[in-house]
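I have placed the structure first, in the form of structure tokens, so that the comments after it can refer back to it.
First chain written, first letter: the chains are A, B and C, and each begins at residue 1.
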Amino acid sequence: MNETKLHSRLREACPSGVGDLDTSAKDPFVVVEAAALVEAMVFLRDDPACAMEMLHLVTATEREAAIEVAYHLCSYTHHHSLTLKVVCPRPEGADQEWSPSVPSVASVYPSADWHEREQYDLLGVRFDGHPDPRRILLPEEWIGHPLRKQYVYPTSSGDIPLELDATPIYERPEGWTDPEHAPRAAGTPLVQPPNAPSARPHAGGKAPPPKPKGEGDEPATKPKPKPKGDGGAAPKGEGGDDMAAKIAAIKAAKAKKKKEGDG
Amino acid sequence: MEALEMYAVDDRADVYTEELKLNLGPQHPSTHGVLRVELRMDGEIITHSRCDIGYLHRCAEKIGENVTFLQFNPYTDRMDYLASMNNNLAWSLTVEKLLGVEAPERAQWLRMTCAELNRIASHLIAFGTYGIDIGANTPFFYAFRERESIMGLLERPAGARMLYNYIQPGGVRRDVDEHWVDDVLAFCDDFEKRWLEYNTLLSHNRIFIARTANIGILTKDVALANGCTGPVLRGSGVKWDLRRDVPYLKPYDEVDFDVPVGEGTYGTLGDCWDRYWVRMREMIESIRIIRQGCARLAEIGGDTMDKQMKRMYKTPLEPEAGEAYMRCENPRGELGFYVVTEGGKSPIRCRARAPSFCNLSVLDKLLPGTMLADAVAIIGSLDIVLGEVDR
Amino acid sequence: MERLIAAFSDLTGTEGVIPLSLAYAVCIGSLLGFITVYAMFAIWMERKVAAHMQVRYGPMETGGWHGWAQSVADALKLLFKEDLFPRDGNKLLFFIAPAVVFCGVFAGFIAIPFAAGIQIADLDLGIFFIISIAAVEVVGVIMAGWASNSKYSLFGAVREAAQVVSYELPSATALLVPILVVGSFRLGDFNAYQAQHGWLIFSGPFMWIAALVYFIASLAGCKRAPFDLPEAESELVSGFHTEYSGMRFSFFFLEEYASMFVASILMATLFFGGTTLPFNLFDLGNWGDYADAGRLAAQAAAANAPADLVAQAARAAAAVGPFSDLGNILAAHLGIVVLLLKTFFFIFVQMWLRWTLPRLRVDQVMAMGYKYLLPWGLFAVMGTAVWETYAA
């Protein structure tokens, strides 16, 4: 059976809630309403003509307007497959805390158990009726869902301060900080909107403009001598407080530099 | 009556043993990486188990959303680092599906041959480490000897020994040298003899059979419902192989090979030995495929990279908005990539269906009631790679 | 031992405590030296055997020829390593456990006859002593497992206790068979008996069964593969010595190799002719006696002993015939060489098995001990009794 026939058969079984088949996509999919999802799944699994024994994948995708959850089903008996989708539109003024909810299909397909946990973990989609709704990959005390576009990177994990793009500690000379490689300020999102060119070189954006030769050719990882007077040479072994002081010093240096640049 | 009840309580107090909580992992010799299994034990017998994964989580999917389509190719190497050819293949096919291009014929045959070579290398690791799990150290070194030759062969076109980044959207990075095909064929002859040696050393060893047959029985229904694929599913007797049933590369349609399934030779269908034996026989089937691939490679010439793609490589690929789901038969099962793009240079969602992840989810159902040593045997027979489970 | 005491009392001209303690010191020192050197050699041998079975070379650099000094280097490294101690462990038990473990097997060496006369104490119940003193090791292992405050260690210790205690039954039963034939528990008697009557293994069909049962049970007793459950590295990380490091760890290592030696030398002495060559070639077993007699004669001459002793020495010297005194000593040592060669052959077989076979599961090990080895051992005992009564 191809997707069209499968779709029409599914529609006969549960007329309410099953949308049209989108055949323009590379893998034709059916949009199903959240309320009808479990019913449709049970039908697809138990109907001998469909016999979808396996739920391959549960994927949540965040778009501008909605979060979609896609279910890839396939049948080993009949060698056909079908994609179902549940669309959760983003309400007006929803912030990054917004988490849509979809009924869990772990009772129909046990394989959905871990997939749904992963989607909850990384995208914050809640699956109602899930037998074990915990995080799966990240630690249980983690805040936020990293695959969301507006995800704000944490500044610390427990007692350990987190720096992004930092020069590894073992590469730094004693008491050295690289002002050009300052840690990303806390609270800034890592990711730009999907289509905006990234500020990082080669990360989906345009290649960085060629630098004039001789100047700034130094590799970024090469430790530079610390500019005098900025932040002060930290005495050895000051511990955790030292880190915060350093970060503050770097910020100050950055601001100063910017000011100079503006002026 | 009261006296009787009192006795009953006393009896239980006598028999009662304290439950022991044992953390198998994350640092443990037999968890094949940083898997942690929380076991509740009654003596040597496991009463309850809970898998804890994520110790090797690198959020490859987030990386996928931040790099271009081509730049993500090397990251797929790092998922299942024992079968990176196959991972490259799956990603390349997904991107090709999005772009609507197809690799030239020679590239297709090269892809198949390299992927099968890598499958053998991956199964060799499974074989060797499984021996170590059961307590036989020597097969591991035998397996590594052959794996070494395979890595040497794959190094010649790819330039790397483990993380190849050789198969790319549009074809393969470059052609093989003129002696490569002969060397591969020589390796095939050699390997078949070695394979028989493995079986006398380990496969049909009485102790090995006693340790693996009738252990960790995974029935067909449970395997299907939990999304197990690959040798784990075939070990339970389901004759399903994407290479045969949904040939994702044209050459798979043309070559002749069998799909080995478990038969319950020494015990019940779907036990550890069946899964192990499926892997062993798959190696020989791969040798058959490689032989046919080499025969064809000697005949056909031509490009190894799609011309249109080559032009596209000058700027980052920009497929038009859409989505594609592509799955491939990896050594560990079906690897699928689901990519959603809205027309940019990088996808907005890059989801990997890791076979090890799904195969591992069945572990909690297999462990209760078995002994600690069986737990090691079962984890080994699922043949997981934590780099892929956690991504 | 008696001879040493006598020698020292002659040397110092005193009786009692001083020669006794001197003799003890010499015995213990030489045994310790022997065990250490042997263990280093055995570890090197194990690595070489393993390597060549696994298509590699093993240590090749340290010391020049085939890395012979690798074990020495490792021992030195272990000596200088930090002695780690688990924070919540039981300090006292943790520290004395390796010593207890080592004591058990060390004491076993006392009763072993390397050749006639070269033995610290020829105990009347030599075999019995070795079996029972080896059980002390279990106490040490349980102490180690308990004191480590680690679940893996505890598992290893409990497994070891169950396994070693269970396998003492079949091994002791199998050892009864040669005892039945020879009629003595004294280990020295076995050498003498086999020098006269040929190897015990050829004395009847049941002896083969007994030898096999004893060998398998001794594998389990030494925690060697396929019975290395107490330290099963793929399940229990390292078993009861997971938390040990440095010198204390090396004691466990020494103990393992020393107990392999004891098991193998018992196997060689009780079943495979001890110091004799097969079919009594060259009459090696009796050479020791001749040498002994020669030495006695020399001693007697030196000490102006009574006449009957001199006469005995003269008789012995006559029996020795053409051999010079030096030759006597050489002959006696040939017996040792033969015995050690046999011992190392069995040690090699143990290594061979370890690098070939997978590991059994704990219940399978128990089943093997109680369901197969013990009945077969009993069968061999009864069969030998019948055989000795009617056939021999």
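Quick notes
Convention: a contact is a pair of C-beta atoms (placed from the backbone, for glycine too) under 8 Å apart; a residue touches a chain by one contact, two chains touch by 3 or more.
Bear in mind the structure is a predicted one, so any value in this text is a computation, not a measurement.
Taken as a graph of touching chains, this assembly forms an open line, each chain in contact only with its neighbours along the path.
Once CA atoms are averaged chain by chain and compared with the all-protein CA average, the nearest chain turns out to be B.
Averaging Cα coordinates per chain places chain A and chain B 25 Å apart.
Taking the mean of the C-alpha atoms as each chain's centre, chain A and chain C sit 64 Å apart.
Distance between chain B and chain C, defined via averaged C-alpha coordinates, is recorded as 47 Å. Chain A has no residue in contact with two or more other chains.
Residues of chain B found to touch two or more other chains are absent. Within chain C, not a single residue touches two or more of the remaining chains.
The touching residues of chain A, counted against chain B in their complex, run 25-27, 53-57, 59, 61-63, 70, 72, 76, 79, 83, 109-111, 113-115, 118, 122, 135-139, 146-147, 190-191, 194-195, 197-198, 200, 202-205. Taken together, the chain B residues at the contact with chain C in this complex read 20, 22, 28-30, 44, 131-138, 140-142, 145, 201-202, 205, 207-208, 210-211, 371-376. Those residues of chain C that touch chain B in the shared complex are 50, 53-56, 151-152, 155, 225-226, 228-229, 232-237, 355-364. Chain B makes touch with chain A in their complex at residues 53-54, 57, 59, 61-62, 65-68, 71, 97-98, 224-227, 238, 240, 245-246, 316, 322-325, 327, 334, 336, 338, 340, 342-346, 348-349, 351, 353, 357-358, 361, 390.
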